[in-house]
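Right, I'll just put the structure down here and ask away after.
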Amino acid sequence: MAEARQVPFRGGGFRPVQKRGVGLVVFVLLIAVVEWGTRAGWISSLTLPKPSDVARTLIGLWQSGLLMQHVLPSLSRLAVGSAMGVTAGIGIGVLIGLFSLARAGLVPLVAALFPIPKIALLPLFVIWFGIDEGSKYALIALGTFTPTVVATFGAVDNVDRTLIRMGQSFGLPWLSIVTKIVLPGALPGILSGLRISLSIGIILLVAAEMLGAQYGIGAYILEAGSLYDLERLFAGVVILSALGVTVSFLIGRVETRMLRWRS
Amino acid sequence: MTQFTRRNTLGLMAGAATLPMLGTPALANTKLVVGALPFTSHAASFVAYERGYFAEAGLDVEFKFFQAAQPMAVAIASGDADYAVTAISGGLISLAEKGATKVIGGALSEEKGIDGQKILASDAAFQAGLTSPAQLAGKKWAVTQAGSSFHYMGSKIAQAEGVEVAFTPLQKVGAIIGAMKSGQVDAWSIVPHIAKPLAGSGAVHIIGDVAVYIPDYQVTTVFTSATNAADERAKTEAFLAAFSKGADDFNAALVDKTAGEDAAEDMVKLIHKYVYTDREYEKAKPGIVNGAMRINAGAALNTTSVQDQLDWFKAEGLVKDSVTMDMLVDTSYVSTM
Amino acid sequence: MDLTIEGLTHRYDAVEVLSDISLSIPSGRIVCIVGPSGCGKSTLLRMIGGLERPSAGRILQLGDPPADCLNPLTFVFQDFALLPWRSVAGNISLVLEDRAVSRKDRADRIADVLARTNLSDFANALPRQLSGGMKQRVAIARALAVNPAVMLMDEPLSALDAQTRELLMDDLVGLWTRTPFTAVYVTHNLSEAVRLGHKIVVLSRRPGRIREVVEIDTPLDQRDATDPDLARAQDHLWQLMREEAKAADAELAHG
């Protein structure tokens, strides 16, 4: 009689499980270590600012009303610029997805535009659109445009062709096939592209405010950098991060609302 | 044609005072990195290098070139450069406050009678009536960054005229020039060797002198890391001495013009190795000659001007109120005014 | 409305996939097309429905479709082709929205086809909430909503498990018995063919040619799995297809 042994379990791991709060703990721990280090002196004031000083700077910004003075212009730049870029991007992306001629003509153009560091074009934009809001809108618009185009035509390409054939087999007019089948089908891809586009928009905000901006989070960070004022620099970075998290959260809300049909 | 101004006299005295130090430090091939901008205002270092003054002092100097003043301050703080010459900026003061950098001497100065920095108006603004600094109210004043010397000058000029200007950060001098030419900004102040050719092309107009508003302005200073200032006394003294010698040659050749035509020509040729290298000598020459502003003899430092600048930075909230002159300046190396 | 196919031939580049197919599809009958993999039966169906253009030959409609027919040639797809973002009722509504149908008529049609396919309780469900069998019933309901002259069914039960397939076959038989419809039903499953087909067309392997047309006269609602006539018919079909299927299989493995 052979001896009985239990079959060992070997199927563990490789499956992400949601762990709530761990991210927060890591965050708090990191800040605590930096605070301790800067207070004890083994992190020099030249290397990192005291987190508590950064917090104090943020509170000071809030109390003096400067926070809104910097955040509001940046938000309006981000909103206007990315609204222009995203709208144009979705429009062109859909055209590329639907028409072979547009694809042949525009895909190489978009591929050529994509890798250009948009910051390099800023001086040119200043000449074209003026040093005030125009050039900032243009920079953010161009920066959000290219990833949106790529995401959109990819999303249109990925719309289940059998759904389109189905529409045709029922004699649906072209416009109905586009608005009722192609666009809703491409929406998940467009929205996930939007996450990337808007993050790029936030990155470009700092670049856009390099030229001719007295107020704005980007201008604030650049000023702090040039003054080597680490507290303000980090306070600005915290505001930008908060902006990024907020935008990502909002897109998440839109996704759960509009893509409820997905499992 | 030598003018004996107060500064000049003081400078000569200071220069004389530093002379004895020349032979004394026996430094054998001490390697050091000097940060510089490819501008005429940095000529003292170039002269000291080219004419072997650094080598005589036992210093093996290597230049590290930068495109703006602020990164140089950071490079000194990080130890990537040992000595540098730059305008007093907010960044420099903040780094001094953190115990990273120290101002140890003076370099470029505004001085009556010597062509100094100019106040410029863009052609568009000029045509619209901006013909003197008194009309600056509400105009866009170009600066590289907040807390730069351009910011200081614009602010002092506006203050003197009793007007408010809008400061427009454009990061780089090149970007400012573009924006001035296209009329995107209204006014700016800059060293003469940039101001004059621009005005000559008709794209901008000179509407005043900075020296009128900020007399005896200590435009640039010599600075180093706090460690060098405190612990490397011999090396620092040797550097300053060689630098001063270079400054003396430069002043004699191009500012006071006491050394004669040939010396001036030689000086321009020497500087042309570093400045406007992308232009032919004949084209570069006027720019170099025009840009010649006095470099303080003996690297003497105008502490009154430095104090004024520090006070302005504090008043503007650009640096902490707790910064003192002692944090910023080590006055033990050169004579002060 | 009857359909007639005359001398239909099709090639992709140099490869002939269908060769000289002539066939009539009489009104009120279900015509099954069976054949080995790759014989071009789905291609043939798409050509009948006007989604693909044959290289040669014609497909003719004889007579007019019924008066309230909105889409004479209507497909039912293997993978259901439901819009995942629309509810059951919304998916049916989709094919009526662009038609000259009043709001009320549309609602009536939707209610009618949902009732006929026993889906009335699921009108507001989303496709992801439905089983495969339910999804295909929605697709069939959608096809019925336009009151087609001919239903073109492309392996409609192939994506379903065996039990669900049986249930859906019963449903289809029930639907046809209550209101006879015309259909071309492509399948590779012979038991589906003998269960639902009035006429079974056997195609050879590529290039697809008509090997034989088998007619089964037993009324649909009287066919059941134990019927020896049906078993014989199915066996006959299998004998016809066996060699073809074997050859086609080897061909694919090589190709």
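A, B and C label the chains in the order they appear, each numbered from 1.
Methods note: contacts are C-beta pairs under 8 Å (C-beta built on N, C-alpha and C of every residue); 3 or more make two chains touch, one makes a residue touch a chain.
Heads up on the chains, UniProt names are A = NitT/TauT family transport system permease protein; B = NitT/TauT family transport system substrate-binding protein; C = NitT/TauT family transport system ATP-binding protein.
Keep in mind it's a predicted model, so treat the numbers as computed, not measured.
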Contact-graph distance - origin chain A, target chain C: 1
Label of the chain whose CA centroid is most distant from the centroid of chain B: C
Middle chain, criterion being Cα centroid separation: A
Centroid spacing, where centroids are CA-atom means, of chain A and chain C in whole angstrom: 47
Where chain B and chain C are represented by their mean Cα positions, the distance between them in whole Å: 87
Inter-centroid spacing, chain B versus chain A (mean Cα positions, whole Å): 42
Residues of chain B whose C-beta touches two or more other chains: none
Of all residues in chain A, those that touch chain B in their complex: 44-46, 123, 126-127, 130-131, 210-214, 219, 222-223, 226-229
In the complex with chain C, residue positions of chain A that touch it: 160, 162-163, 165-173, 176, 180-181, 184-185, 259-263
Parts of chain B lying in touch with chain A, wherever the complex brings them together: 70, 73-74, 77, 89-91, 94-95, 98-100, 140, 144-148, 166-171, 175, 178-179, 182, 184-185, 318-319
Interfacial residue positions of chain C with respect to chain A in the complex: 49, 51, 70-71, 73-75, 77, 79, 81, 83-86, 94-95, 97-98, 126-128, 142, 146, 152
